[in-house]
């Protein structure tokens, strides 16, 4: 019944090899201090990789759209400091060749999961690709999106559950814990959980992260910010440094109870 | 931010006092052998209470509707054998006075969560009441349904998350893990998880049960059958005896890692 | 492909015989003046029946719950004045025998569509039954709910589409126009449309009513109030008298274009 | 309350000027005969423009993906024959400059509504743009997607409601008739209805088209095929020629009843 997961290597980090791989960082790269502080903190508490938005997809054309190319030097410097791989979203097939010099894994965002032009182009990239589930995509469609990338030539694909859109409005999305367990049993791609978008409420991120680990996820993609209240995007769902530390401590206990451990670089 | 949970006593069993309370049994009480075997097995492996349908709500008027009053003697006999409290669904305010002699906690099913005539009448019962979330009810509406019972005079109310109806069709429902964490933080009712209806697939019940425990649920309501393939209802989502035993072993480890333990009678 | 619709008689009014039957009135019967004025106005502009809540199902136990039995005399007096049949919601099987003296058709509300105890009891009533679609019920489940009433002995059943719960929040519900067309083709029950709950916005009631007529609905159930801003419930979705008159004028034109006409008593 | 609609010109055709503009054609351009026959038939029965897929977005990478550039000559020839403007989907910003020589209006498909890289690039095109609603997009997000194109420099934008994804599975999507009425009142973009994707069932296309017209839509985008059973994609929801003719006859009556008429080239 269970498919065997095929591990994917991102820089020096492994995902899907039995360990639990945490990618952490701010929603958006906002500046050198913010990104560097966050990177050092999360590395010191068990993260295996960094996340951070450079080009942001925003529903409203007047919202903050990310630093764009201005972030490139910041990211390169911080990566050199901490020695962790970096994941960031690509929103246009024409960005790929440039971004390949900065990112170690491309993220396809929820709103682009059905953007097959982008998926096909990523099939020609030398970087692994993480595909977030479309917020209204069937699990079946999500796996087919990964198949698009693989069929175009890139076998290094990871899935990421980040919550689906339902009638419930107390939370930003409904995190689909079933999808974690179902996908682990029905495909061979590693599965990360994004409890930040999956809940939209910082206080729910830790319990849902523990749940994802208990259900079998291969790791997390989680938002952390030195001062969540001042974040330029998504502050309400970002963990503070102490919250991140507490979460990692609890995660380690749950993983250990199930015979697992954190993946380390 | 966190509400303190008010414990509820069902017979000798406690729910919401920090421990983890497992109610297990068949979807429907089908006969003496089936119910007795199941009761003894689940008691022997850590269950604190029994579940089993007597009057079944079925979408199709021609489906099996439960044994009805014929089940009363079976239930009384088995309860005496194993000494565990019994939870069963009430579907009509006129059944309450009779059922009170058999059940130790009334279950309000998902399809009756908005049946305020039933909720008000249960406010006059001496038995505790477990309210399953309507499959399209907002968390806010679910808590208000519990308030109906309390305002009518019965303070012993428990909530049960059992999955919501979404566009996803690989699973029977989408188990809302966020709702567990959210309700724990925003109301004082104990929260059970029903991973059987929450997934509709026996192979997903264990990972989702572990997730619910990790997210802070006060216990489970789970379907177990001696021979799932022969069950008169919901066999595809019922655990076999060995599956139940394995789940309980894993649950104990996760609970222990988080400083919790099984509630026992 | 098309099922033939079986007409149902409510008092002197026919539904499902090819004509278009409008039931109109306030969300709740609030008093003699309000109900009498409304009844006379809607009768004068083409309504074939009256609607009005006596026992209200409210999500919040502290909201206005309807006048209850105090409304009985008001309703009887107004019915005698205008000579139209009256439709009202039944929320408890124990209300049926009393309510039968006041109502000419029972309404099963959206939140009770899955309340099979109520449906079965209505199967023994001598009054026709209108079943609103559960706000998350499949079309198939809605038709099966009607079958419950019929199998219990009452063949006079009408369906009413009133919108479903989706992620969209600009409107109160998503009126499922497909369901009107689909149900007309796949079952023989007459279908009414409730654009008041289906939209939750008075300004949308007229266009959606016209749409329902164009798609083949057998009539409407629509909320009208002499002073919507002062209504004790649902005023934001109630038509004023001038809005009702305008809607009826447009409806007549659309119906006429399709070879149909208003049903009259 | 009502916004005034800003008309958009597509070739010689107007949309949003009070008339009702029908764009019809096959799901995919499959060959010269199929497209030419269809174009001549729909022109002869009131269509003001042609539709037809060249590059198809398919969930499954192994499904038919459209003829691609092979379709260009077919489309140019048929456009010259019938003298109608042509609408087709663009799926990649890099296709725009080529496609501009063939299409008179770009279609942004439902799965690309959130593809802001594509929307911004279309802001620089000289062709008008029709934005289909994302199948899980809020009405508010749909209008913001149109704003993206306008802010990037292209004021000629049309919206198209094509159904949303809900729990209902009897129909392919749930056509959101409320959204037609709501968008007409709350923005100035013309609104087309796509009853083919909105229902997914050919027998429902006519009633839902009539409903859309009655609710105020500015026109239709509808699938028509000479032999629906042989279509390479979406045949089950395509109208045959006789079905299209019948629909147009009924539409004319409903429009006329509401003081409107078909737009003609």
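Labels A, B, C and D are assigned to the chains in the order they are written; within every chain, residues are numbered from 1.
Convention: contacts are C-beta pairs under 8 Å (C-beta built on N, C-alpha and C of every residue); 3 or more make two chains touch, one makes a residue touch a chain.
None of the values given here were measured: they were computed from a predicted structure.
Visitor: By the touch criterion stated at the start, how many steps lie between subunit B and subunit C on the shortest route?
Guide: The fewest steps needed to get from subunit B to subunit C is 1.
Visitor: Please name the chain that ends up farthest from subunit B once chain centres are defined by their CA atoms averaged.
Guide: So the farthest one, by centre of C-alpha atoms, is D.
Visitor: A-C or A-D: which has the larger count of contacting C-beta pairs?
Guide: Of A-C and A-D, it is A-D that has more C-beta pairs in contact.
Visitor: Can you check how far apart subunit A and subunit C are, centre to centre, with Cα atoms defining each centre and the answer in Å?
Guide: Each chain's C-alpha centroid was found; their separation is 49 Å.
Visitor: Using mean C-alpha positions as chain centres, tell me how far subunit A is from subunit D in Å, no decimals.
Guide: 36
Visitor: Multi-chain contacts only, two chains or more: what residues does subunit D have there?
Guide: 136, 165-167, 169
Visitor: Please output the residues of subunit C touching subunit D within their complex, sorted ascending.
Guide: Counting only subunit C, the residues touching subunit D are 1, 136, 138-140, 163-164, 166-171, 174-182, 184-185, 198-199, 201, 203-204, 207-208, 210-216, 250, 253-254, 256-258.
Visitor: Residue numbers of subunit C touching subunit A in their complex, please.
Guide: Against subunit A, subunit C makes touches at 136, 165-167, 169.
Visitor: What residues of subunit D sit close enough to touch subunit A in their complex?
Guide: Those in contact with subunit A are residues 57-61, 91-94, 111-112, 114-118, 135-136, 141, 144, 147-148, 151, 165.
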